[in-house]
Amino acid sequence: MTEFLDLTEAIRTHLKPGNVVAAEGFTHLIPHAAGLEIIRQEIRHLTLVRMTPDIIYDQLVGMGCADKLVFSWGGNPGVGSLYRLRDACEQGIPHALELEEHAHAAMANAYTAGAAGMPFAIFKGYRGTSYPDVNPHIRFLDCPFTGQKVTAVPAIRPDVAIIHAQRADREGNVWLRGIVGVQKEAVLASARSIVTVEEVVDRVDETKGGTVIPRWAVSAVCHVPLGAFPSYAEGYYGRSNAFYLRWGEVSRDYDRFCEWMDRFVIGTRDFGHYLLALKQHGYV
Amino acid sequence: MTEFLDLTEAIRTHLKPGNVVAAEGFTHLIPHAAGLEIIRQEIRHLTLVRMTPDIIYDQLVGMGCADKLVFSWGGNPGVGSLYRLRDACEQGIPHALELEEHAHAAMANAYTAGAAGMPFAIFKGYRGTSYPDVNPHIRFLDCPFTGQKVTAVPAIRPDVAIIHAQRADREGNVWLRGIVGVQKEAVLASARSIVTVEEVVDRVDETKGGTVIPRWAVSAVCHVPLGAFPSYAEGYYGRSNAFYLRWGEVSRDYDRFCEWMDRFVIGTRDFGHYLLALKQHGYV
Amino acid sequence: MSEPVYTPEEMMVVAAARRLDEDDVVFIGIGLPSKAANLARRTHARHLSMIYESGTLDTAPTVLPLSIGDPELSRTAKAVVSVFEMFNCWLQGGWIRTGFLSAAQIDRFGNLNSTVIGDYGSPRVRLPGAGGAPEIAAFCSRTFILLRQSRRSLVEKLDFVTSVGFLEGERSRDGLDVPGRGPQAVITDLGLLEPHPESREFVLTAVHPGVSVEAAVEATGWPLQVADSVGETTPPTTGELEVLRSLKPSETSDIGDKVSSHYEGGSE
Amino acid sequence: MSEPVYTPEEMMVVAAARRLDEDDVVFIGIGLPSKAANLARRTHARHLSMIYESGTLDTAPTVLPLSIGDPELSRTAKAVVSVFEMFNCWLQGGWIRTGFLSAAQIDRFGNLNSTVIGDYGSPRVRLPGAGGAPEIAAFCSRTFILLRQSRRSLVEKLDFVTSVGFLEGERSRDGLDVPGRGPQAVITDLGLLEPHPESREFVLTAVHPGVSVEAAVEATGWPLQVADSVGETTPPTTGELEVLRSLKPSETSDIGDKVSSHYEGGSE
């Protein structure tokens, strides 16, 4: 059942060096606050899993928290490159990063297989592409009824899932609405889960829309308003497109990146102080 | 794209003798009106697919429309037996009925595989049971990564899906809310689909909840108020538990069943006249 | 204090309800299991999460549903999911702690038949079939079985295995690679059967008040083993009976007026 | 009548928009495809259904999204589905008619690379990777490819095949058992390439106004075949340009005030 913890405590309790971590969010509801807390606590040797690693994964990679990245699209959406990810791949900065690379369809299926307790998923992807040549986790098998070839990938079963949602009730039932990506599957596929929320309310349900993840699938809920910034939380605040654009400048050079992270992340006590510092310096 | 048709025309256009038909509904939103129209048009040699065949499938079987039934639970929910189904199985009345029998998990997976264009589905069911002994469509295969054994069933790909929903907009986008069962998967798995609705409105969307099935996945929409009776349509009318209980009496004896069907179904022009006749005789 | 009067069915339901923990997560079908869970949620298990296979997660019906997809269940649920998600993620994924099962036949290892009586190809009685039972039996962490005890229901050999219990006993279930630990008790109208820790054969461990061990053995189609010390079930309390009897079935809906307004005066 | 002035990029977008039918169902990414679809929906394709891979079905943004998961997309969508459903049921299930693709590299058979430049293990340039492109390429009934023409982008041999076009040409794609018919056109800033009906090699079939055939051949990294009769694209109309230029990007959100109200005066 769910514990209500502050974010520092939740990360300290549930995230260990070497863990497989899926901090998911498909453009919407990306758990930035939780990601920054991992950096503050200097938790290392992580295998980071995410379909669309963006700024927060760029930061984790740049700060050396990740040994491996499992992903299907690594860019700054609508902007361009993730420079910390590129430097890790192209030049091993700050250290080499192992990649397990997929397409979206493969990862969505692999999460669902993980949530369903299956060892693998089947779909029809990757035909005619180079991916099976570079990823040994892509295999093929024959339909036992028709003989047709299908594609198989292993299930994703993280140690910890981290997501951000709009609301939780006081028992720890979580409610999210809008673009839901693979968040529910990631939570159900993981041994433990941390959910940061905008608001804690008396009751959540689906009668006016949205999706509820029941409390017994959630390990910890943390009340972190604005916790998805610079991503957005539908009904609470919009996406800071300006920050995504500025990240391109901040992150392009490794030294400038380190300086920025030192000042705003390592140098601040928690997410609230980080946001206040960003505000003071005109980032929000 | 969607055509708006009256129900008689929709069944005549889309349903042919020998078709594989999935008229789905999991207690809620069962397409009774459409099923009765199949009986009126005396369309035969159908393979009927449904997880939970209840009264309307009992009627189709009793009237000799079905050569085969693919199912996972065949009873009158909360009441007891489906006597027409039992007589077909136990005594070949009105003629022999081929059964392909599954568990719910298998059928839910098989529909989803059909919707996804896969030839088969994998899951972990049937272990230790007698089903693989009597159903050759249950096979086992090994995970290509771990060697673990998983269960396989063929995808369900009906010729026609029939469902009932609360609303459609004037372009044919369909909206349903409440218990959704496998209806969306059944529509997406089928070559053609007929949707009966309570109401036609200007716009449907999910902003206040519910699920939209977009128009390009729907072949025909028919405006049939109360079309799920004796099942229910959340937000429109409740379930006629009384009719489910009375069906036990009406259907127990084959001759009484035939007489009832003659009077109320064959003897009425359409679903509206059927309901009026039921009302006249105190069934509603 | 006068002893409350109750039926054998009420005893079964109360005994089943008591098995649920304060914050249990329970997968239930219609009938006695539904009564038991609703009783428990109104007595000792206030934080019980009830799940019906129609897709309703954490539902709180104010009346007893007639079907697993009763409107009352979706109206009061925290979440309603597709049947695909229910079976794949919640059940098979291992997120449900407790399941209730029933059947037409049970054998000494807790395997169940709800498919056919007689030969599968030409059955004497065609039963409704599997539904969600095989997955409840395989994937809930633990299950409880509720059924009325007789030589017709507790049989030497099943006509068909719909849902697996301890398979052939001892550690044979472990070979199936399913996460659930299997049936923890069979609760009947006569008493309680629990699996022997080694053989996994169900053994009579308690009888309900007024029932003799001999009557329970007599109503069993296999040579029922009896525990060294057979307990007696605590009878239903007045409080339990009051709550149980206050559970009303969901009402039928009358669409007569709607038929008139939609279709009288000439449907086309 | 004076000729409107326009950029090569505007010509590309207009040419792409014209390819969409009145009631098309189109899967789009950010950038030029998004502009093309939004232009089409505001001109000749009023019943166009736009789908972005974040799960928004039949969306009607009033502004151009910066990302595929822009709030504007979910706010105006008829339905929002999970990424699992989007890829499995809608794309792989064959329910999307038209897809737009782009890439860093294309070869003569319309195969695309958006993964790496150089060796996969030690890339010269690490690109974002596959995303939904392989499935769009395989499962949409037809695709159109938009990219700027140069010897760096239209290459003799891809460094990596991210998304399949006509594989090795002729009927080789048929052997993949994927439902989509493959890329129907490559629309560049110089002109139009279409597959030869037999060889499936992309051939120059039209140039944009003011572009010579030689310039298009020169900007291609393989010996570009030229159709017997090369057409000239109809330039953008004043109406098309007006609509296109009226499309505004989605605005950034400012959370400054919210930061103050939540966190000023001491977060714990």
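First chain written, first letter: the chains are A, B, C and D, and each begins at residue 1.
Criterion: a residue touches a chain if its C-beta (ideal position, glycine included) is under 8 Å from a C-beta of that chain, and two chains touch if they have at least 3 such contacts.
Note that this is a predicted model, so its numbers are computed, not measured.
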> Can you list every chain that touches chain A and also touches chain B?
Replying inline: C, D
> chain B to chain D: how many Å between their CA centres?
Replying inline: 40
>> I'd like to verify one number: the distance from the centre of chain A to the centre of chain D, where each centre is the average of its C-alpha atoms, in whole angstrom.
In response: 26
> At what distance in angstrom does the C-alpha mean of chain D lie from that of chain C?
Replying inline: 55
>> Give the residues of chain B touching no fewer than two other chains, as numbers and ranges.
In response: 112, 116-118, 123-124, 148, 185, 206
> In chain D, what residues contact two or more other chains?
Replying inline: 80, 88, 92, 139
>> By the document's touch definition, which label belongs to this structure's chain graph: line, ring, star, complete, or other?
In response: other
> Pairwise, which chains touch?
Replying inline: A-B, A-C, A-D, B-C, B-D
>> Under the stated contact criterion, what part of chain B meets chain D in this complex?
In response: 1, 112, 115-118, 171, 173, 185, 188-189, 204-206, 211-217
> In their shared complex, at which residues does chain D touch chain B?
Replying inline: 23, 25, 47, 49, 57-58, 77-80, 88-90, 92-95, 97, 139, 179
> Okay, in this complex, where on chain A does chain D touch?
Replying inline: 6, 26-28, 51-52, 71-75, 77-79, 81-82, 85-86, 89-90, 101-105, 108-109, 111-112, 123-131, 134, 148-149, 178-182, 184-185, 225-226, 229, 232, 234, 237-244, 270-273, 275-276, 278-279, 284
>> Which residues of chain D touch chain A once you look at their complex with the stated criterion?
In response: 30-31, 53-56, 65-71, 73-75, 80, 82-84, 86-88, 91-92, 111, 115, 120-135, 138-139, 160-164, 167, 173, 176-178, 249-256, 258-260, 262-264, 267-268
> Taking the complex as given, what residues does chain B use to touch chain A?
Replying inline: 116-120, 122-124, 137, 139-141, 143-146, 148, 150, 152, 154, 206-210
